[in-house]
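The first chain written gets the first letter, and so on, giving A, B, C, D, E, F and G; residue counts start at 1 in each chain.
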Amino acid sequence: MYVAARVDEEKCNGCKLCILTCPDPNVISIDKAKNIGINQARCKGCGLCVVACPKEALTVS
Amino acid sequence: MIEQKVVTPEQLFFEAEREEQFITGSEAIREAIKSANVDMAISYPITPQSESMHLVGDIFAEGYIKEYFRGENEFAVMSSVAGAAMAGVRVFTATGGPGTLRAFEMFPTWSGSRLPIVCAFMTRGINSPLTIQPDTLEMAYMLDTGMLMLHAENGQDLYDMVLKAFVIAEKPDVHVPVGVFADGFFVTHTRDKVNIAPADMKLPSYNPNCAPVPAMDMETVPFRQMRDPFVMKSNFISYAAHASWQQEILAAAERARKYIDSLLGGLIEVENEDADILIIASGTAVSQSREAIQQAKSEGLSVGLVKIKSLRPFPTEQIRRLAAKAKAVIIPEFNRVGWLCREVKTAVDDTTKVVGAPRVFGGMTMPPQLIVDEIRRCANE
Amino acid sequence: MSLRILKPTAEFADLLPKEYQELVENGPYHEQKGISDLGTFKEIIEEHPHCAGCGVALGVRLVAASLPAPADTLIIGTPGCSFFGLAQTALNYSNTAFGNQNAVASGLKRMLKIRYPDRNKDVVVLVGDGGIADIGLDMTLHSWLRRENITTIMVDNEVYGNTGGQESGMTKEGQVLNMAPEGKKFPKIPVFELARTSGCAYGARVTVASPRKIGEAVKKAILVAREVGPTYVQIYTPCPTNLKFPPDQTVKVAKDAEAGYYSFEEFISPEAQEYMQKTTKAV
Amino acid sequence: MSKKTSIRMSGLGGQGVVTAAHILGNAAFKDGLVSTVNPFFGAEKRLAPAESYVRIDTQSIYERGEVLFPNVIMIFHPHVITMGKCYTMPFFDGLQENGIIIANSEEVPQLGDDDLAKLARLNAKLYYFSATQVALDVGGTELASNMAMLGALLGVKPLVSSKSMKEALMERFGGGRFVASGTTAALDDELKGKYEKISELIEQNMEVMEAAGSAVKEFVI
Amino acid sequence: MLESKYQVLVGPEGYLPPAAASMGVTLPEKGQALVEGSIVSEEEAIEKIAQKILEAKNPFLFPGPLLLWDWKEGVAEKAKAVKELADLAGTRIIPMPDYRPKYPMINPAVEINPNHPNLTIWHNKIDFCLFIGVHCHYANVALKIIRGGTDCYTIALCGEAGHEDAMISLRDVGLAQLASLTEAVARLKGVAGK
Amino acid sequence: MDRVQRPVEASQLLFESERAPAFITGSEAVMEAIKRANVDMAIAYPITPQSESMHLIGDLYAKGYLKDYYRAENEFAVMAAIHGASLGGGRVFTATSGPGTLRAMEMFPVWAGSRQPIVCAFMCRGVSLPPSIQPENIEMGMLLDTGMLMLHAENVQDFFDMLLKAYLIAEKPDVHLPVGVFVDGFFVTHTRETVMLPPDDLKLLPYDPENSPVPVFDMETPPMRITRDPLLNKSNFISYAANASWHQEVLAAAERARKHLAQYLGGLLEVENPNAKIFIAASGTAVSQGREALKDLLDAGLDVGLIKIKSIRPFPVNELQEATKNAELIVVPEFNAGGWLAKEIKATLNENNRVVAGPRVFGGMTIPKELIISEIHNALNRQNQRL
Amino acid sequence: MNKSIFKITPCFEDIMPDEYKELVESDPFGKGLGVSQLGTYKELLEEHPLCAGCGLALSLRLILASLPNPEDTVIVGSTGCSALAFPQVALHNIHSVFGNQNAVASGLKRALKLRFPDKVKDVVVIAGDGATADIGLDMVMQSWFRCENITTIMLDNEAYANTGGQESGMSPQGTVLNMAPKGKKFPKISMPEIARESGCAYVAAISPAQPKRLEKMVRRAILTAREVGPSYVQIFSPCPTNYKFKPQEMVARIKQREKEGFFKSKEYITTEAQEYLAGLEEGKKDE
């Protein structure tokens, strides 16, 4: 029952919509190269980022 | 406004030459606040408190206070005062009776937050039935709020206690609110001689950096700071934090004892302590007792008097010691329930010698004769 | 009420003090009385200890004369000048703690609906400005938001009169009063506008300079409250004592205000409008 | 002499420790035993530590509140042990002599030598198994993990009859209103949504319990 | 003043012991200090701290936010003095960066929190600790919990009036007291070294 | 409504009808009690740990057991609205906790002074600050002098019975005062245990406002000129005397409640092992914890008894003096920092140095029986040393 | 605050836990960061214990990222779900009791003006719908009447969530929730309109589904409060737990409610505030 979001780097275009939809702080980050990083330990797996992602680059498992 | 210079509390209280004035209790409050270097005061009307806060408004207009406004109700006033105190300023407010009860939730909150607020309570009866007359019942409700509680006998006491309350409240090891209680009308509206410190002197300002908790101003570390945190998870660890926090509030009141001793000359005042019959009282009941003792004396009865100035902290050991020597202890009170009698009985070993009478309420005064009757009864037993 | 309870027990009828006998014989309970009948019937307020020229006393008297069904009206008040007169009213009157009147009225109205499902029991709140706009604002607004079937009437003297003349939320901006030593720093609270936003089906703003308007507004407000929803009437009742004008000037002060910032205003919801038309026709 | 069994269930919010305690206590009540159940929760949310307490006896039980000295400790989530997500430190604090620990954990619970020595001194028994896996395999939902934990308990210590257990389940899920926090009520709906009929839910849960009873393994301290 | 016989000794004192102030322990006046509930001279207390710190198996310093953040003049110097003391006495340092309750998220290996200081003490098996730079209220809450549930010897170096619930407490602590403490540690260490 | 209910005499419902066991929480017990109490109206406001019980009262309303129910805007407003509803002559119920009690504080003496037979359940919890939702009963210490009657329930069974009985006592014409039924939050509200319930097709007779010592407020009862409550605040002796007499009448009403408490609750206190030399005296959950300690102490051969105080207002002064006549040690465990019960007991007894004010637990923890046992041993040691 | 005070005392840098080091190295203080930069710096909110998919948590996170001067902002909250996250905010924040937040903020703001006459200290109230529209309505409105220079933000999740899902004044009419067993009997309180009538110079309603617009409104509200008068922002923040929808549907839920006409983003600005904001926004463009 404890799951977390994962990002498919291939699909992600770094639009940051996931960051703006995540209810938890300091979970999804982005670096200068527009790589999305997810702090798995802190993710609650709600799935809002999955729904928000236009590229279907996120999954919760 | 007179130009004021900052002096030490000791200078202001004990060294400066005082001037005798013939004023009411409400005016004594004004005089105390003038010298107290208060930053901010918030008011709300309720009889018999209103006059004092009008007068505080007047000295705001004269420049003695930097900010003043009328809040929307007592609960809101006590909340706003808390907000101001958290921001690190010295604040004052006052209320009475139903106002005290309306704001009740805030008082344990003040102590829990370690706010050195000084609030004057001009006690009166509480509903129902509605009355605006003197009655000290509200003090019974307040005993476990964690606030320090001083009870003024007269205008002079009210003046000194309000002024000194700021100094006691702000000691870093105390730093809890102080309620200064005065019996409505009997003190607030009675004109009497009061010795006032010079108007050109005032207390040093409050220093929030010496507080046991950080000021909420984003200028004090730590930055991540919540006043006051939820230590309310259900686990032993949180319980222990919560319990220790409460114990620390009780400890703060204990630490106040030495400051009450040095600034107010003790938690109690005793006259003729070796007498067989002792009267123990606080507030206006002390004055009535003084008259009764005079009368009793003329009848050849020797009666001692214990005036309790501080109800929280309570002079438990002193009372136990004094009562042990007496044959009878009379406790006159201005309320129907006899809360002071309960406190005293809790402190003494032999409760059978404690007489909880007379009790007057509904707004009447307590004729000294009523107390004399009790004295005679005790003397004849 | 059942008028039976207004009937003195035969054996004791002649023992009743005169004021009660008059009330029984010539009170406003039996037939509809109104503002225009004042002076011809025994008023339900026996007397009052208000100051000479008191606007609040006048306002309270006019409201009492405008009740559409005094025999089934219960008034809830609160501490303040208004209750001195109301305590002498030949109605059920209650005040408890300062500012809680609309909460008390909510509970009372609902209980009376339970106990008398087939009868109208008009619950009317009649309170000063401090009680409604300051300390009791929350409970006033929430009774409106919940759409309680009660009428709220404010006698607005723009000051805490009873505690010695402090500035209230309804005081005019700039006015110097106790607790506003540098003058009040914000405008009058727009309770009238808030009444509309908060769900009142009818609202009126009047002054004691227009007694007939008070009569109409109070009647409408109480009728609408029976069936449609909460209603509000705000009456300007100037205070000669604390605002320091001669007692004979109360109505003039009110009249001047009416010409200016206290102009007559009224709003009514379409539903209330429809209901009023129906009731008037029925009458 | 009293034969009181005091059980402490430690888990995370959302795992059904409150529900499990309720069902166990209710089953004991139906068996004619004396039982009290009390959950403790603060203003916590899902995944925060949650604890529930059941006391079962043949005589009157008076005390209430947290079980400080349990005979049985049930660990619903390995984080209770590894991340200290419980209300006492360490998680077996207060365990009585000959006490029992049952942990929902695929592997042997990670315990330091000190801790193992302490447990050995108490002559404690330590059981473990993946209740979540059993719940998924047999019940088809991880929400039945709490049932698996109860099954394991009955497997090692048959405190109540299976008949009463079934009745208690029926009462809990078979309509009527159960009083719990809002979150529990929400989860209830989710659970009910997974089964077509309540009877199916009950049967499945009974099967989960049975399977769990045989799946549980003892770690010899 | 009442004579208190209450001693503030190493715990665990048990379930919810009262605050030492409620048992009659009073705070010292200027120039004095508290050792185990009794008022002594500041010098004596400093000596005792030095002794205790060197006796300890696993001593720790807990600096609080008033010292961890370089927020006003004088902090850096004081911090440096504390660091020197720690180096000399061979104690480790664990910070208390703020006061928010962090349970159960706290990492007791690297931080301490006033609402549950026992977790850090248990985790690191600390038998001696010294608080400095903590707001008095939070220090008192922490000291009480430590005395209630652990066997750690507690020292509170206070910039204000001191702390009854610490086994040793100095008041009005500034650079001078820190220097004397360091000096005492150096001296005792020298003795021990011989 | 689940079933048609028949109003019956209180004695039938409470004492004669056969009871069946149910395994329920304290919150559910509130619902079961109100279901049988023929309550007209309830008003709710959320606060933990009280909310569940008022949710369940809402369910009763939805099923038709109550005629009106709503959520009000805050606790002060709830207590004011309940006051209004009670003025209107019906039977009412509400509940609150800790900070909610304090927010509404001004209304409780108003209820009493106004002679209203309101029944309110208090699910005690810590009061701010710092905020706590956990069990602690300091709020009771603050309500002692409101004029309300105060019953303290030990467990879920007590809670059920006391709530129903509270209406009977509150509504006696010679009493007619509000009754607060207090329980320790969570320890009782959220604990599930066996409770014996009378059938739910019976309910109390309705409240009859015409038997009230004050006129009901409905414009159907003379006199029509009635002010609830009058302004007795003119500054003259006549008003003072009226005000004081009114207050005395409120105190007197509480005194008159004693006989009804004896009838319905079997006394204001209960004593186990009355000839003991050592007593545990407590109220609420502390009694239960005391019972566990008692078992162990008796097993260990100590001469210990237990006093359960059920009524805090009126306080069982004579009963307590009688029960402790020969006691040498009285230990008072409490769930609060102030120790209000110990204070009450000390103020009641002579030679009150026999009273040990503790152990006190607060912050949310339970009182383990071990703590009570060690308090007794410590006190005995002290006494021995003195001898 | 003076930025120079936000630094770790040199000799303790190595012992500070990572989260504080990160905060100091990558803080948002004095840098003019906003919602667009989220994910690239250490947020003021460290973590929170709220439910997965909590709309209120998302709103809170966005508000904190929108503060124009976080280094000089003090927050006042109230009892409720949001209060559970507050201890984790790296700003001074106050929880007093339920519903008194605007009264506390009034006292606080005036005291801060006294103590720091030459500095702007933003006082921002962030509280739930129960605290703002029910139990605290009086104090909220009175702070507006008094023209206090504070910003009030309501996190509207349309229920008392923390106490187990009771109906609040902001619940939609007809909703069945605890304490409204037959459905809520009156409409959602029109707080934005009440705010406008009660003297707010700037009023807005928004949801976290529009993060950039939310940011703009929060900033405008805070800036207006500094100079012109009180301001109010109402943020629709759905609660998956009590309204029983799946956490991942939170944003979809906002859109659905928008479509049904129950929620609408709006903005009321007084002429004075309009001019003031235009001046500021103009100035910003010039930079």
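Throughout what follows, a residue touches a chain if its C-beta (ideal position, glycine included) is under 8 Å from a C-beta of that chain, and two chains touch if they have at least 3 such contacts.
Keep in mind it's a predicted model, so treat the numbers as computed, not measured.
Using the contact threshold fixed earlier, the set of chains in contact with both subunit C and subunit G is B, F.
Chain centres here are C-alpha means, and the one lying farthest from subunit C is E. Rounded to a whole number, the gap between the C-alpha centres of subunit A and subunit D is 34 angstrom.
The mean-CA centres of subunit F and subunit G are about 41 angstrom from one another, to the nearest whole unit. Residue numbers of subunit G whose C-beta contacts span two or more other chains: 5-6, 46-47, 50-52, 84, 87-88, 95-97, 134-135, 137-139, 142, 146, 162, 164, 169, 178, 185. Shared interface positions of subunit C, defined as residues touching 2 or more other chains, are 95-97, 134-135, 137-138, 142, 146, 169, 185.
Within subunit E, residues 16, 68-69, 71, 97, 100-101, 118-119 each touch two or more of the remaining chains.
Interface of subunit G with subunit A (complex): residues 35-36, 38-40, 42-48, 50-58, 61-62, 64, 208, 211, 240, 246-252.
Of all residues in subunit F, those touching subunit G in their complex are 44-48, 51-52, 54-55, 58-59, 61-62, 69-71, 73-74, 99, 103, 128, 131.
Remark: subunit E residues 15-16 touch subunit F in the complex.
Looking at the complex, you find that subunit G touches subunit F at residues 79, 95-99, 130, 134-135, 137, 160, 162-164, 166-167, 169, 178-182, 185. Against subunit C, in their complex, subunit F makes its touches with residues 40-41, 43, 67-68, 70, 72-74, 76-78, 80-90, 92, 106-107, 110, 114, 215, 217-222, 224-231.
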